[in-house]
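Quick one: the structure is below, questions incoming.
Labels run A, B, C, D, E and F following the written order; every chain starts at residue 1.
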Amino acid sequence: MRKDGRKNDQLRDMTFHLDWVSAPEGAVLVEAGNTRVLCSASLTEGVPRWRRDSGLGWVTAEYAMLPRATSTRSTRESVKGKLGGRTQEISRLIGRALRAGVDYQALGENTIEIDCDVLQADGGTRTASITGAWIALQRAIKVGKTNGFIPGEPLKDSICAISVGIIDGEPRLDLPYEEDVRAETDMNVVMTGAGKLVEVQGTAEGAPFSREELSQLLDLAASGCEALTRAQLFAAQAPQGARVTLVDGVVA
Amino acid sequence: MRKDGRKNDQLRDMTFHLDWVSAPEGAVLVEAGNTRVLCSASLTEGVPRWRRDSGLGWVTAEYAMLPRATSTRSTRESVKGKLGGRTQEISRLIGRALRAGVDYQALGENTIEIDCDVLQADGGTRTASITGAWIALQRAIKVGKTNGFIPGEPLKDSICAISVGIIDGEPRLDLPYEEDVRAETDMNVVMTGAGKLVEVQGTAEGAPFSREELSQLLDLAASGCEALTRAQLFAAQAPQGARVTLVDGVVA
Amino acid sequence: MRKDGRKNDQLRDMTFHLDWVSAPEGAVLVEAGNTRVLCSASLTEGVPRWRRDSGLGWVTAEYAMLPRATSTRSTRESVKGKLGGRTQEISRLIGRALRAGVDYQALGENTIEIDCDVLQADGGTRTASITGAWIALQRAIKVGKTNGFIPGEPLKDSICAISVGIIDGEPRLDLPYEEDVRAETDMNVVMTGAGKLVEVQGTAEGAPFSREELSQLLDLAASGCEALTRAQLFAAQAPQGARVTLVDGVVA
Amino acid sequence: MRKDGRKNDQLRDMTFHLDWVSAPEGAVLVEAGNTRVLCSASLTEGVPRWRRDSGLGWVTAEYAMLPRATSTRSTRESVKGKLGGRTQEISRLIGRALRAGVDYQALGENTIEIDCDVLQADGGTRTASITGAWIALQRAIKVGKTNGFIPGEPLKDSICAISVGIIDGEPRLDLPYEEDVRAETDMNVVMTGAGKLVEVQGTAEGAPFSREELSQLLDLAASGCEALTRAQLFAAQAPQGARVTLVDGVVA
Amino acid sequence: MRKDGRKNDQLRDMTFHLDWVSAPEGAVLVEAGNTRVLCSASLTEGVPRWRRDSGLGWVTAEYAMLPRATSTRSTRESVKGKLGGRTQEISRLIGRALRAGVDYQALGENTIEIDCDVLQADGGTRTASITGAWIALQRAIKVGKTNGFIPGEPLKDSICAISVGIIDGEPRLDLPYEEDVRAETDMNVVMTGAGKLVEVQGTAEGAPFSREELSQLLDLAASGCEALTRAQLFAAQAPQGARVTLVDGVVA
Amino acid sequence: MRKDGRKNDQLRDMTFHLDWVSAPEGAVLVEAGNTRVLCSASLTEGVPRWRRDSGLGWVTAEYAMLPRATSTRSTRESVKGKLGGRTQEISRLIGRALRAGVDYQALGENTIEIDCDVLQADGGTRTASITGAWIALQRAIKVGKTNGFIPGEPLKDSICAISVGIIDGEPRLDLPYEEDVRAETDMNVVMTGAGKLVEVQGTAEGAPFSREELSQLLDLAASGCEALTRAQLFAAQAPQGARVTLVDGVVA
């Protein structure tokens, strides 16, 4: 039994507040346990200079954390005047993950900028960001298609992500902060709705890990991503402003 | 009649979600019409180096906007690598406003850092920030007193703020974005709960203004601040996690 | 009686050295008591990108202080690699104040950049900057009209500014540094030559202030601005390189 | 057959020029095909402030590329004034990888800073950096032990890394640039001398990948790391200034 | 005959306004033709961390130009967020030049920071800065000795500087901007009052130069520095606020 | 006799590894004693914006040092986020020196960017950079002429540089670090192959120097530059990948 009462292969309860803010073309407030991330997708015509006249679109992402999303306050990167390595690394990961599910030709010469701002952090902020970002992306694309900006169907498949890790020798799914800091091995897995791998990032925080352990973690991640995919597809059909919840892996 | 149906001297409906995030010592999500600001107060022992061994505390504030809080996305200041003038100006204003209500001696050598992050912007973000920041400050101070960090009662009076302006020749209270951009004169007023002035910042955006117009605007601001003060004092007594609303100036 | 022998409603003696440097299209060295600010106006054809093809001109301003303008040396902002909040705030104020007196249509697609560099600081640097900047602006515009760059008469009215404050319970005009740091309330007022208000920035440094006190301060500021306006209009007619002085409010 | 004549499971020839520069406590110039990385390890007494009086040491790393290491010149990050995301990501990876092989207690309160500067880039710069960095680290530790700075044996195991990928549907080991840009899936694997996993970073650049493909890539990586480990252990015993080569996986 | 009527070996007329600003311990406004530089020297107790407990003092310098010191406005380095190469190079030169005349032991553990701010630029700003900076330094040292901060006599000799160059094939002394841009060879020479060389910086802007030409330029520079030294020594004895002029090399 | 066994007028042995890296159009690894600098020249079509449509080319240079090129590690300028004054000064010097030997008309509208990266530093890094940079430049120009990019013969003469100084009262040629730090006077001299002066930078580090000492130093530098020129011209004819050595001033 884990501290928060979950089984090792159980996701935290999640809620997706669709269109929680109204300015962006697509937006969702994701709650995964105590982790809370506001994902928004901004659709604009045109692409960066290096991509002009290619007929192809572009998707990019930025991740950031409010200074007091965590138990002690961290200095704002805008005040420090530079982006930290962790921030850039996660921003790059989110962008790469989403791009794996996008057909640039069908997007046309349009840019979608994803912003994932962590309002409260309790582990799994990068994976919640990816899962939520896809929902924001999907909603922005729907707007772009309705408005005639986007010529085709740019979504090849849904993209979601989850963290897994080995804590006290046991593989566990969806780590809160308390488990994350104690994990011997920590892994983030990004998958498509069809169950293929997009990104695998496993790190030995304590002792190095074996191929068997890696395999167990991937199994866990796959089962978590299946549930996340169900929630995402449900959200994709939900009306403006709806709230989608995932309780013990079941969409409510 | 204004576009949103309000009378010239009517506040937008406001909601204060107390403790909307749980990490900070004090926190509130403020909604003023469509403007949404997350205010948090972080209490730490000790003061900046230049104030050490003075027996006095310190209060400081930072204001920021999410990139897609507005109808078009703005570049993150962390990405640009520098703080814009507007951001710094508002951060300084919030800090100065709150400090006017604080007794540093009673605070002891503790620092309270206020963060006001605008999640959605529809005018009045700086005044909503000040009004909310005081609630976050008050909650953090309560925690500090309970924990024995804070030796006395540092709150001398409550502090709130509201915008007023002249639009189409008429003085109006609490401007949404649509009115703000059209205002001939634009003024932000910070007041104490006792009705004294802390800060008056009036700017002729179009034509210069007369002493009479200034006087009318200050009357409007005073009436708005009276209502805000009532809501703030109500919030100060409200239980953990409560939601306080102000509808047409009446606390609900 | 004030420390420097002035009455409460008396301006410091001022001198405007017109064209103190010769490179800028307009320039003036302003002395207000011991405060010394070099204001220059640079006129260039064209406007920033966001304003092109609008037929409208642009006026902008930058304020800075030499490191040893004050009694202790401050680090250069160029060395720190970033602009402080105070610098940006004052730069924005000066630009906004001057723009209130300018007709962009008449200016045509030209840009005037104002630089206010404080060589010696003894209080009132931002208000001396505004008052001097208008003179530099006026001289640059005269050059632009003579040269045929500027199609119309862009000056709608003169713009000047003065500080007022409450010290030891008494409202006083034109505060030197020694009074500024002791002021309970501190206010900067920008007015047009016609006596209308452009900007009112009042701050309670000590105790909050009342409407009556605000009113007294505005009266004082209005009388000071009347004298400043007389000096500005005199300077506007003065020959190249002239020196205009204002002694006890009288132009000499 | 690959363009450079290698089999799919064949490493590029590698050379380790030990002590290629003499200032650092440990240094090696690594050549892996046309990729050339200068790795140096700087040993200093003391640890960063946050780690003081813990009795534990610290290991950190920085990666950089000369502007003309690549076929087109890139702007220096020192000139741009900020570190790119890629640079920071790789620096973090190298540091994390090496730390997995270090016993901080045995290192004592000493810091080892690793610098990996890419002089010529032809794919696999991050993995060559890790493999070389461990050799530099090992040599610096030997110096520190000889000089009595380092109290114990901080090296728990050797650490090496290799890239693998799927090109034209075939899993391949040790990708040069030409293959790297065409890879459908690209993976960097960090392993210990004992054959355990330290870091697995797999990315679908083209189509998402399956568990089977992941497994094949890990097999390839494991075989490559076995050869690299042999070369590293040989280098660990080699005299000052020696040159160690690895031809078709055999140490020469 | 030169454009400004001078002979090839004739200095521009110079004026030193001693104590032109009053805050710094030493200050002088230098006018050399149309070049105008405000030099100030700030004396503070203590030395930078790396020099503490050495018993030795420190002298450092910073050079900067107002944006409109030149015929076209340049962007402020504080706005750009970084110091240009030219600025840093000249700052380093001024500091190095002055340090050549200072006995650190006699200065005691005190720091003197020199600021040279160019208010108007017409060639020779770096040499005028050095010549003026020595006067500001000398005045600050006098204050420090009077106040008992400075234990000995730190001034070993006076330091001055002048520019020379070859224009239209002729060696000339003290180049204004108009000659500077046309010079085939351009040289700045720093000398002691005793006529020894401190710094020689000669650059072929057009054609490379011969040893003979170098020799002629050094002769010219030496004669110019003799006159500058006379003015400096006169200024060293002059009363507070005096104005020292150098007309055709003669102190007036 | 000097510490390294050389006579006062003897150069250190030098080696030029031509084309040590293969990506740049021109490249050479220069070894001068223990100093090791990698010089590369990147040729690109087009010129900076301010030079377009002039028919003239451009040559620019950047100098940098690896963090552990020296006996203690220095922080990377990319990590600090700004270029130090020394770096910029040397970069400017290298560019200026090379430009003295280039005919822009014959270069056509092409840009050559020189990078000098110090891999190991033992004095004379800036002069070794200039001497090596000319070889890289020459090789890049040969490529550009072969490819038809460069219309004429842009090389007017070869450019080399050497350091000289007075140590223990004796003029010496080509200072290693150990002598450089003890030098009373330190001078860098840039010369053309024809023996004319391009740049003379002499600095009194200890006592000021006389005209006679300056003259002796220039004699020494001229003899050193003669030998360097011989090596450069030999290298200019050498085949791809050749190694050119200069032993006691004789090309081997």
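Following the convention adopted for this analysis, contacts are C-beta pairs under 8 Å (C-beta built on N, C-alpha and C of every residue); 3 or more make two chains touch, one makes a residue touch a chain.
This one's a predicted model, so the numbers in the text were calculated from it and none came from an experiment.
Novice: Please find the path from subunit B to subunit E through touching chains that uses the fewest steps, and give that number.
Specialist: Contact-graph shortest path, subunit B to subunit E, evaluates to 2.
Novice: Starting at subunit A, what is the smallest number of hops through touching chains needed to reach subunit D?
Specialist: The distance in steps between these two chains is 1.
Novice: With centres defined by CA atoms only, which chain is the most remote from subunit E?
Specialist: A
Novice: Could you state the distance in Å from the CA-based centre of subunit D to that of subunit E?
Specialist: About 52 Å separates the centre of subunit D from that of subunit E.
Novice: Between subunit B and subunit C, what is the separation of their C-alpha centroids in Å?
Specialist: Distance between chain centres, rounded to whole Å: 30 Å.
Novice: Where in subunit E do residues touch two or more of the other chains?
Specialist: 81-83
Novice: How do the chains line up around the ring if the path leaves subunit D toward subunit F?
Specialist: Order of chains in the ring, subunit D then subunit F onward: D, F, E, C, B, A.
Novice: Tell me, which parts of subunit C touch subunit E in their complex?
Specialist: Contacts found on subunit C: 21-24, 27, 34, 36, 38, 40, 42, 44, 62, 64, 66-71, 73, 76-83, 87, 113, 115, 117, 119-121.
Novice: Enumerate the contact residues on subunit B facing subunit C in the complex.
Specialist: Residues 82-86, 88-89, 91-92, 96, 100, 157, 187, 191-192, 194, 196-204, 207-211, 214, 218.
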